[in-house]
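One chain, subunit A, links the two complexes that follow: it is found with subunit B in the first and with subunit C in the second.
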Partner chain A sequence: MIAVELSKMFRRPRTWVTIGLLNGLPVLVAVLLALTDLAPRPGEGPPFLSAVLTNGTLYPLAALAIVLPLFLPIAVALIAGDAVAGEAQAGTLRYLLARPAGRTRLLVAKLVSVFAFVLVTVLVVAAVGYLVGQVFFEVQPLGGTALSGTSLTPAQIAGRTVLSIGYVTVSMLGVAAFALFFSTLTDSPLAAMIGALAVLIASSLLFTLDAASSIAPYLPTRYWLAFVDFFRDPILWRDIVRGLALQAVYVAVLLGAAWANFATKDITS
Partner chain B sequence: MTAAVIATQGLVKRYGQVRAVDGIDLDVRAGDVYGFLGANGSGKTTTVRMLLGLVLPTSGEVQLLGERMPKAARRVLPRVGALIESPAAYGHLSGRANLTLLDAAGPGGSRRTRRPRVDEVLEQVGLAGVGRRPVKAYSLGMRQRLGLAGALLRRPELLVLDEPTNGLDPQGIHEVRDLLLELHRAGTTVFLSSHLLAEVEQLCSRVGVLDRGRLVLQDDLATLTAPTGATVVETPDPQRVRAALDGRVLSTDGVRAIVRGADPAEVNAALVAAGVPVTGLALQRPSLEEVVLAAAGGSADRVDGTEGRTRR
Partner chain C sequence: MVAAVAVLLALPALIGALPASDAGTSAPDLRDRALASSDVAFTGYAQAAGGLTLPVGDQLTSVADLLSDRTTMRAWYRAPDDWRVDVVSATGETGVHRDASGTWTWRYEDDVASRAAALPLSLPTAPDLLPSVLGRRLLSEAADGELSRLGAERVAGRDALGLRITPSDAAASVSRVDVWVDAESGIPLGVQVSGGQTGGGEPAVDTSFLSLDLVTPAASVTAFTPPPGADVRRDQQQADLLDTGRQYAAVQLPATLAGLPGRAVDGTPGAVGVYGRGVTLLAVSVLPGRAASPLRDTLVVAPGAVVDDLGVRIAAGPLGLMLVDNGNRGTWLLAGTVDLDALATAAAELPAPPRRGDR
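Moving on, here comes the complex of A and B:
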């Protein structure tokens, strides 16, 4: 069943179109930067972007930071929101369940394929970022600039980039869990995606509001940018750990709710 | 006594205030071609979904192939082929790829035999020649055939088909009918829901009639349309029949008289003796339509808003 869902996910042209489009913005930004040499000043614009002109190996991180606020969550919400509701809308859900695929098995298979999509997407963004960084920017053989001003060796940068990729993936699993949960509630994939995005937009908005400071630590988008802390020397673990724990709680609760709903739901689509 | 293939007891499904299915006791036996007849909105699809464990009953029980549903779904459903309401497939994939994925999505379909089985059912439903064309380029009739192919993929003991001829042209309907009869001869039990009287009359050996959620009739077609105990006399002069067989004539029209008595030979002898010209003789049988209208009319005391048929 998992193999079936993975093959459905990655044989579908839409999956790769989504990933392709997602990479358009970081590539465009790289081209513009390379042509103009006008990097944002440190502390402005997306993280890492100010440093890439002098060190292209940071571009995977810049690319992730560019797509993180909007494009990446949209892509994840699109695919995860489609997982169950898309089958319901197409009418294939009733045939899968009458096959019988088993409701729990189907949900687990959907979950695995959505998580695989998240991982592949983040990896592709990082890989394209790496290539773009190599092509358009100077790659310093020794040392780069960490955010706190201390230098990191290329090996350290590589290791911490991998950690960042993992962290961003976990953040996006939270988005996927919201969209998958909504996907079991409705027969409209569009509604599921918009539901998940609405949650994220509300979260980002509340985060900027002083009046909401008491709930700020529990907002799903609160620690998204904490992967920047991997590049401090030493690594600032506090927000990273909190971010991971928060996403883990969201994922567990939402998947539990998705399962509770889907396992007993009337399939009338 | 043959084994029950589908049995339900007091099956009810309520959607809010609407009782879509209202306490039905289905009894489908091995070897039946069971016609589940009902007007649109009478609850056929809801019943089929409950049989397959897609919709959970508000109350009542379902047994499929002798086991409780939906608990035994994983054991039972691989032995059942289903077409539910309308066919559905992934539009960007070919029919063959769709069948392969569907077969791989559950238990009871051996990977080793998958290719030949897919080939065989595509052949059976008349889609062997479509090749790699994606399903989104199929006509409605082709999709219906593909849906049927999916139902036949594991050579099921029981076929549950919800309006399987929807969207087919007359030629396609004929082919499907032949296919179902052929499968039935090979031992498959068929449960077929339809709103078309003629389809059920031509195909089925047993009939259940659903009227606004209630099973108002369930019997063998042969019993339902059994002789009424009267004889139909065709004659150019029905009034002379009335004169000859005084008191036995139930009704007459321009070319016919209905005479009490289930022995046409005896009726004929009496009429010939009286010199009445007879052009035809037959036992009177009600048509399925008459039976269904009478049964469905009988429950018109319900007032739940759907267009109701009132007894004349």
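Moving on, here comes the complex of A and C:
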């Protein structure tokens, strides 16, 4: 069943159109930067974008930072929100459940395919970012400079980039869990997606308020940018560890709720 | 199920409320322990929140930001002249590396590494807000009579013993300073400075370690070499200060100001004077016209500013700031933790600065 769901997802043109559109913005930014030579000052604009003119190997990170605040969560919420509600809306959910496979297995299959989408999307953004970085910008074989002013070898940069990609993937799993949970609540994929995005927008807004500082550590978007901390020297693990733990709690609780809801729900469509 | 969730939700509050064990240390002994802790190496993570809005416009923005924003710091401390403090922001950082002869300041945002010599007097920077540094500085001149004990609390997950300074000077604008001293090592773990009209009883400056390990960091962590391609400079602010001091070197500052005794600070330029003791301090300096006029323009229109024959003065929490104009002979800048009346008294006692040519 997992294989069926996976092949269904990756055979849909919509999946690849979403991933393709997602890569449009970083590529456009790279073209504009290469043409004008006008990089934002360090510390301004998306993280790492300032450094790419002199070191193209950092572009996968800049690409992830560009899509992280909005486009990446939208894509993930779109696919995850569609997982169950899409079947319900199309009227195919009860036929799926008529198979002797059980609801839990269907939900697990949907879950695996959504998580696979998250991983593939993040990897594609990073890979396209890598190609774009190699083509448009100077590539320094010497490595680069960490935020702390120390030099990093190319191997260190590569290792920390891989860690960052993993961290961004885990952050997106939280978004997927929200959308998948909402997807079991409603028959409208749009409502599930908007619900997940509403949570993220509310979280981003509350994070900027000093008055909400007491709940800030529990906001789902609180530690998203912590992948930057991989590029401090020594690595600042504090926010990264907290971010991973927070996402793990959100994923566990929301998937548990999604399972409890879906396993006991009356399927009417 | 509901009970389990309730227990989980209550857990952070319960752990926070765990009673810290209070040793029967007396206040002067605790101060001495804190002052003796400057040799204790540690690695820590601290946050400082300032509630002071300094109306200084484009001048001294780094100082103003420091006192009004939330500053997150990573600290590695090996010895008094071998440490590193990084101010961490979401997308960048500023690191100060101290070595035997001075400091390197690395600003990722500007790709600049600047070198400054170690001076006894300089503008406050982020490392000065580290609880260990600020706590020891504020305690260093506290008299026994000004100290009292506060009980114990948990700070950074460690037992911290409370110590309160209530300044005895009449001119003091700081109403109290609470220092939380680590029971094990003596390192100040948290400092809250209150005073002035900050409203709501909120401290004007509140800085605490969120985590602290008594492990000695590696020497390679505190060392600094400017990265290839970075812009390497000499600290301009420091150069300006010394330059101004030399220009007005002939000025004679009074021995006391507003009842506060002058203090000798080695290596300060002649036209800079420091008065007072402990947490009640007043600094006086001549400002050249190009620096003074934009500052005066900002101060005059700031809410709460007092403008009269003496000049313009304003209070931001416990911090008082005053400009005394002397026409084309330069401007006195008075700044310190004294109240507005003391600033006015001090202004009346100051001589006019000499002309620029009089050396």
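Following the convention adopted for this analysis, the second predicted complex is superposed on the first by the 269 of 269 C-alpha atoms of A that agree within 3 Å, B and C clash if a C-alpha of one lies under 4 Å from a C-alpha of the other, contacts with A are read in each partner's own complex, and residues count from 1 in each chain.
In this text, a contact is a pair of C-beta atoms (placed from the backbone, for glycine too) under 8 Å apart; a residue touches a chain by one contact, two chains touch by 3 or more.
What you are looking at is a predicted structure, and each value in this text was computed from that prediction instead of being measured.
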Simultaneous placement of subunit C and subunit B on subunit A, clash or fit: fit
First, second, both or neither for A:151, with subunit B first and subunit C second: second
Partner chain in contact with A:101 - subunit B first, subunit C second, else both or neither: first
Which of subunit B and subunit C A:236 touches, first, second, both or neither: second
Inter-centroid angle subunit B-subunit A-subunit C after superposition on A [Cα, multiple of 10°]: 140
Subunit B versus subunit C as contact partner of A:261, first or second or both or neither: neither
Which of subunit B and subunit C A:204 touches, first, second, both or neither: neither
Partner chain(s) touched by A:47 [first = subunit B, second = subunit C, both, neither]: second
Lowest inter-chain C-alpha distance for subunit C and subunit B in the superposed arrangement, angstrom: 25
Contact residues of subunit A, present in both the subunit B and the subunit C interface: none
Of all residues in subunit B, those that touch subunit A in their complex: 49, 52-56, 73-74, 77-78, 80, 82, 84-93, 101-102, 104-107, 150
Complex contacts: residues of subunit A adjacent to subunit C: 41-44, 46-47, 54, 142, 145, 147-151, 225, 228, 232, 234, 236, 238
Touch list for subunit A against partner subunit B, complex: 1, 3-4, 7-8, 11-13, 90-92, 94-102, 264, 266-268
Interfacial residue positions of subunit C with respect to subunit A in the complex: 45, 74, 86, 88-93, 95, 106, 108-111, 113, 211, 221, 224, 226-230
